[in-house]
Amino acid sequence: MTNNEMKAIIEGLLFVSGEEGIELSQLESVLQKDKETIKDQVNILTEEFKQKERGIQIVELGGNYILTTKEEHADYFKKLVQSPTTATLSQAALETLAIIAYKQPISRVEIEDIRGVKSERPVRTLQGKVLIKEVGRVEGTGRAILYGTTKEFLEHFGLRSIEELPPLPEDVEEDDIEGEADLFFEKFQEQI
Amino acid sequence: MTNNEMKAIIEGLLFVSGEEGIELSQLESVLQKDKETIKDQVNILTEEFKQKERGIQIVELGGNYILTTKEEHADYFKKLVQSPTTATLSQAALETLAIIAYKQPISRVEIEDIRGVKSERPVRTLQGKVLIKEVGRVEGTGRAILYGTTKEFLEHFGLRSIEELPPLPEDVEEDDIEGEADLFFEKFQEQI
Amino acid sequence: MQYSVKLNSFEGPLDLLLHLLQKNDLDLYDIPVAQITDQYMEYIHTMQVLQLDIASEYLVMAASLLEMKSKLLLPPQQEEELYEEEYIMDDADDPRDDLMKRLIEYKKYKEAAGELKEKEVKRSRLFSKPAADLTPLLEDESKENANVDVSLYDMLSAFQKLVKRKKESKPIYSKVHRDEVPIEERMTEIIQRLESLEGRITFTALFDDRSRTQKVVTFLAVLELMKSKMIGCTQDGNFNDIVVYQKEVLTIDE
């Protein structure tokens, strides 16, 4: 198989894998070539896709190569299909998720300590959306569930790996607490 | 939009349309260009895809443009689906299992309704692995088989009972917000 | 009619406190307890008047704020009592410390949530396609692994993909009437209608024959047009119909 053929097959494999993506190890076992050679072709392909006249690109999400459209064309696709993440998360879910992402493994009680409110519902929502999962139990009595993030979490936020999370803001500055809009109107607008 | 950009967007549109493909008239309405210009770009794109180093191609079926893989690479896709690194239970079987677990007792027709595809094979696979079993028959004509999960299913997933299943990916939270907005809306309607 | 909403524009008492501190330009590291307690109580009170549901956490926080305030208002301790009540005076035991630490910790994650939100929006601009169903390529069933090695998580994840796939495969036309009534479009419509009616229309006429969502969009469009001073509203007297009139002959660019 020439390198050009390999590149063509990789493009085809990426295509059939769609939104689920494909791992380097899968490419390896299908192509029966060594990692380096494959990676080289993936990189060449990635570069080619970057050209203005191409409409798709390779992104690396959660250890997977995934073929997606380009951000600058998003408005055209919106007319045609729903976005993979149109159902965006509520503020409660996002806060809970942020705590889990940075402090995993973490129990619900610890999350509630930080947020200052009961968090059963956002935890359930996140679990339902497979953005978090049970990763263990606390030793000792009660054996509370410990939560961690999933591969879907990385995909949902476009992260290559958990290390790509931006560092947690260490020093808080006074002026960037977000102003709250009118209580009702904000909720109301979310519906439209 | 330059012709090259249009070509890029067409590639993206073909990609997101997947197996269903896209009609010329849809391209027209999304791109807001005339048929001839679009057709020219589709033809150029079709020619480019024919090159050996490309892994996908445009086929025209009943007035629909569809992006597909190339036949000469079929063996590699076969390898992909057979490769041990691919999910140990197929996506189809896992989906089917999830539907049965949460909606049992359920008939095959109902499963197919939810999945949108024939599901005879995954049902058989799951039965073969003793994760599901026949639990009854639908009353009336046809008396379709109803499926449910087995003791082995619970054992396999370390569940004491079916109630211990994590919540389904339904949007609890979104629903609630809608309820609140409804209340608000009642108030609002009284004003107008 | 009883009308209640939850207090969830604020994500709990910490969020509300952060908001109050910010609103008053107050120092997170040196919380003026008396002032902030008063405002917090005022907020809770307003919520009660408006008959909004108040989660118990808000009341717990109210109680601790009041406790803190009363401790800090205690008159300076007498020498001989000092060793008993030492914890109040000791700098290391400032009752505000704990609250400050909690607020700082909470604020970190609130900000991180904001960053996640941005990433989510960015990601939502990348589209893909469902994976192709390759199972027809399998020659026979025995090729599927004999051993089942999947977790609950794998199963849920598969189901989630199914839900997503179904959402995506819905033809765009079926959702048009639900989400896709852009305010901008309605604004243009209102202006066009005004133009055809010599620039005046009654407020109620704007809401004729419209679905719920459309009514809301119309209302928002009216507000938006008023804000941009393209229309105005007048009312001749109490209970008379409000009349919407066009201020300038302008059209909105798409």
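We just call them A, B and C in the order they show up, numbering each chain from 1.
In this section, contacts are C-beta pairs under 8 Å (C-beta built on N, C-alpha and C of every residue); 3 or more make two chains touch, one makes a residue touch a chain.
From a predicted model like this one, the values you see are computed outputs, not experimental measurements.
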Maximum centroid distance from chain C, chain identifier (CA atoms): B
Chain with minimal offset from the mean of all protein Cα atoms: A
Gap in Å, rounded to a whole number, between the CA centres of chain C and chain B: 31
Chain A and chain C, separation of their C-alpha mean positions in angstrom: 22
Mean-CA-position distance for chain B and chain A (Å): 19
For chain C, residues contacting two or more additional chains: 5, 127-132, 134, 156-157, 160-161, 216
Numbers and ranges of chain A residues touching at least 2 other chains: 15-18, 20, 67, 69-70, 77, 79-81, 87, 92, 128-130, 134, 184, 187-188, 191
In the complex with chain A, residue positions of chain C that touch it: 5, 7-15, 18-19, 21-23, 25, 27-28, 55, 57, 61, 102, 104-117, 119-132, 134, 153, 156-157, 160-161, 164, 167-168, 170, 172, 175, 181, 183, 213, 216-217, 220
Complex contacts: residues of chain B adjacent to chain A: 4-5, 7-18, 22, 26, 29-31, 52-56, 67, 69-70, 73, 76-77, 79-80, 83-86, 91, 166-174, 177-178, 180-181, 184
Sites on chain C touched by chain B in the complex: 1, 3-6, 127-135, 137-138, 141, 143-145, 147-152, 154-163, 165-166, 169, 203-204, 207, 212, 215-216, 219
In the complex, chain A residues that touch chain C: 15-20, 59, 66-71, 74, 77, 79-89, 91-92, 94-95, 97-99, 101-102, 114-118, 128-130, 133-134, 150-152, 155-159, 166, 168-170, 172, 174-181, 183-184, 186-189, 191-192
